[in-house]
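Labels for the chains are A, B and C, by order of writing; each one numbers its residues from 1.
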């Protein structure tokens, strides 16, 4: 177990370097950000040169990358164009997005797994077909359409909720955005659980458990569900990173000032420091979440042992 | 966000659990009766392969038939949009902006006064092209790399696994915003290229997983013992077994790629005019949701039906290929 | 698209900072609560909130609330009036003596003196400080030393600025500039307290100025709480308890929040919602002219657009655009078809001349076709209009303009819109001279003078002459106008120069943009100044 974790941690290093380098290059491809800073006017050459120097843009890309990574390891993520430290931006953005992600994941687990179990146990029933169709519709309509529609109906027409989220972004205001963000993943979790439950329902250990005369709920929860959750857990684990970074559309619709908003703003202004900084943290979150998921397998399935 | 990365199957294949690993059962039987041993059984006695089984299942599955017809129809109007429309999607008259439906214009007009029906029909071409071509690219690139890595293992495999990790770690929408915002071409190729670039790791993971599973089957070991070359092993014995999960995931991903194009257009980095696509129309109509919901409804509906059709098709194929679910 | 929006504003703009408010006075009206705070939409400022570093409207909004300069543009008329200036005297239009009024302090108690201005201006001009608006000080003698084109600066202060007493200083310009005092209402010329220089980081986190509001708290990228400064010495005291500015990424969301009752004031109603305004807000909506004009500029460095006859092609394109239909439909009459290259907010006396464009701005498909044919046709038979797509409504009008051109020319592929992902990229394409066809050019005035609508945009090598148009006749007329001390004569010369722009169709004028605002039923007395910024201090909250 210990060796396995160490090996996994070592594997993270090249992935981390690769991902940050890739995003660094991508943002650099976007071109010179200075021109956008002077409004509808050409920056005077002297100021432009000064600005380039200040943001380190006058050096070759590889050197910028090395300097940047060197700074990151000392906790310095650079400064955004508006003079704010990127770490400061992170300190305000990440708590909001973490709350949003928690709500989204909660929806995935509670609604997704429940629906999955129900439909999996009743394959072919009207309930199954209904839920199946619903999940497919959710998958096939783009998030921004769902989001705008729900915002208009719940926020304006019926006045049940605030159509946007205040800057403090408390949990209760994040419920609808969380649901919109989770919707697609929710549909996947449902389908995944359903398939997995349907498969395992016929396995020997379930038959044995039933034959032993165990009560039905115990069979479902202790035996069937526990084994069926492995693919679901994998999916949710990988989803954490995506939910946090992929909330660009949701955060924009509901005016949430989280990670997605900062990334969007950073991209519009071609602010390398902000974009790379946030993505770096997201990459770490993604890698750690994956590791935790893999370790969870051993808990869920005693047959799996890590050496 | 429907962007193709949420794949249940990937999770299954990735952990080596679930249905895909059992696909080779019938194939082992087929191996024994392979041609080369002389005349072989006649047409009646032909061994039922996984594929013919699946095909027989599918032919009787009404869901499959309905959605296959939908897809055929989509392909048809993508190739010959003029068969069911008379107008041009680029003919727009601002004086009719946002008007509702009327004779000759069943879906009404959008914010620029273009005919929504014509644009929805013509939009199919771009959207289907993005979906099909991107999926082909992803499937070919991903499965070739994944299969090679899975088959040969070793350093190449480790490197590829780490590379796929790198791509997985970058949020897709973010990548789209960054990469596509610098491209000025107004063809569909940048969008397709982008999807292939960020989509292949997913397929390569699945292909790798199923090749590793298939590699351990007895019939492969037997063929190896008989002296089959690597290329023969990979192409004749392993690939046919490993390709099923790839097909399944690809059909589902296809739908999500079409939806991804719409999201990219919403963020202003998708296809550019004079391209006509559902994504462009949906994003253009979304601010007008209160005044001209029809301009949003029709392209969204067309998109949803298309995505649905491909996902259902993929689903039906998966069920047919998975003996456990019979 | 709020985030996007302000990029767009910056685009149109520049600077704006401005002026809001005038001298309110008037006391509280019945039923209003002078302690109540209103919430208003905002966009995240692009640059740090230093006066000489803010060149877009969102940062300008705040500066206008927390600073007062020597001059101030009247919120109604746009006229430059003395604010902190007791007098600005000159005998030769080149040497000025400024006297600052007594009794003004910054909100931290420090006195506003001549030194406060001179230090601020030197800071703004100094190359070392990377101030985006440094060029505003370019006319002052000694600017070349503190802000050389190349190399290191050789001085820290401009030789043209001299403090001659606690409340007086002199300014020496490098050339005659008769309207120089009128430019001093611009934000870049605001005074700065010692705290700005002594603890700069702390100041930027929570700016301190001398305007009617104080910054109470500032969470960057999210919101800023401004409160009334009770001891404000001016006569334009805030009529409300304060303003909470909230950052919106998408102005559609801000509008949605307004109609759901979560927000009191939206100062930029999105084009898509204009149709609903009557229904949602009734008379709680305002649409008033602002000093903004939208044009299409041409790449004169591309020989396709700079050969004999191409002015006919440009004029033909201009006549192929049905401005009235587009402003009526897309913008619901919140913009006015342009008939010259300035803005109605200047007024007739200020140089605005309706109809100066004449036939060249009239929609006439037949004439358009004929002109384009005579001029040798569109280069390659096609034209693309480039714009930055990160703001929502640009896409809509560019598509409409293209459709109008296509319909006029009976060729549905004659014109295509060419979106560029981000404003920064769009500016890069312009500075790198990569444009091959017309592109979006918007201009928001810095100060309400006709000179500001012409010289920065069309003078040879001027900083916002994005198309690189160059015309000796135009340059000469502008030079003569700047030297002219008689205002009426100067304006006449500027209008002659504008005629040169018309004859060459150096840029196609599209429409004058209005400012728009919608508000909740708690507010009254909402106005917009000529820079399209709400006059916050006059708003009453019940």
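We adopt the following convention: a residue touches a chain if its C-beta (ideal position, glycine included) is under 8 Å from a C-beta of that chain, and two chains touch if they have at least 3 such contacts.
Molecules present, by chain and UniProt name: A = ABC transporter permease; B = Peptide ABC transporter permease; C = Peptide ABC transporter substrate-binding protein.
No experiment lies behind these values; they were computed from the predicted model shown.
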Chain centroid nearest the full-protein CA centroid: A
Selected pair, greater C-beta contact count between B-C and A-B: A-B
Averaged-CA centre spacing for the pair chain C and chain A (ABC transporter permease), given as whole angstrom: 40
Gap in Å, rounded to a whole number, between the CA centres of chain B and chain A (ABC transporter permease): 23
Chain centre separation (chain B, chain C; CA means) in Å: 49
Where chain A (ABC transporter permease) touches two or more other chains, by residue: 30-31, 152, 264, 267
Residue numbers of chain B (touch at least two other chains): 177, 181-182, 290
Residue list for chain C, restricted to those that touch at least two other chains: 4, 390, 422, 425
Residues of chain B touching chain A (ABC transporter permease) in the complex: 1-3, 5-8, 11-12, 14-15, 17-19, 162-163, 165-175, 177-179, 181-182, 255-256, 259, 262-263, 266-267, 282-283, 286, 289-290, 296, 300, 303-308, 311-312, 324-325
Contact footprint of chain B on chain A (ABC transporter permease) as seen in their complex: 11, 14-15, 18-19, 22-23, 26-27, 29-31, 136-137, 139-145, 148-149, 152, 184-185, 188, 191-192, 195-196, 198-199, 202, 230-232, 234-235, 238-239, 241-242, 245-246, 248-249, 263-264, 267, 275, 279, 282-283, 286-287, 297
Touching residues (chain side chain C, partner chain B) in the complex: 4, 252, 270-273, 275-276, 322, 325-326, 329-330, 389-390, 392, 395-396, 399-400, 402-404, 406-407, 412-413, 416-422, 425
Touch list for chain A (ABC transporter permease) against partner chain C, complex: 30-33, 35-47, 50-51, 54, 81-84, 88-89, 92-93, 151-152, 155-156, 159, 162-164, 166-167, 251-255, 257, 261-262, 264-265, 267-270
Sites on chain B touched by chain C in the complex: 88, 90-95, 97, 111-114, 177, 180-182, 184, 186, 268-269, 272-274, 284, 287-288, 290-291
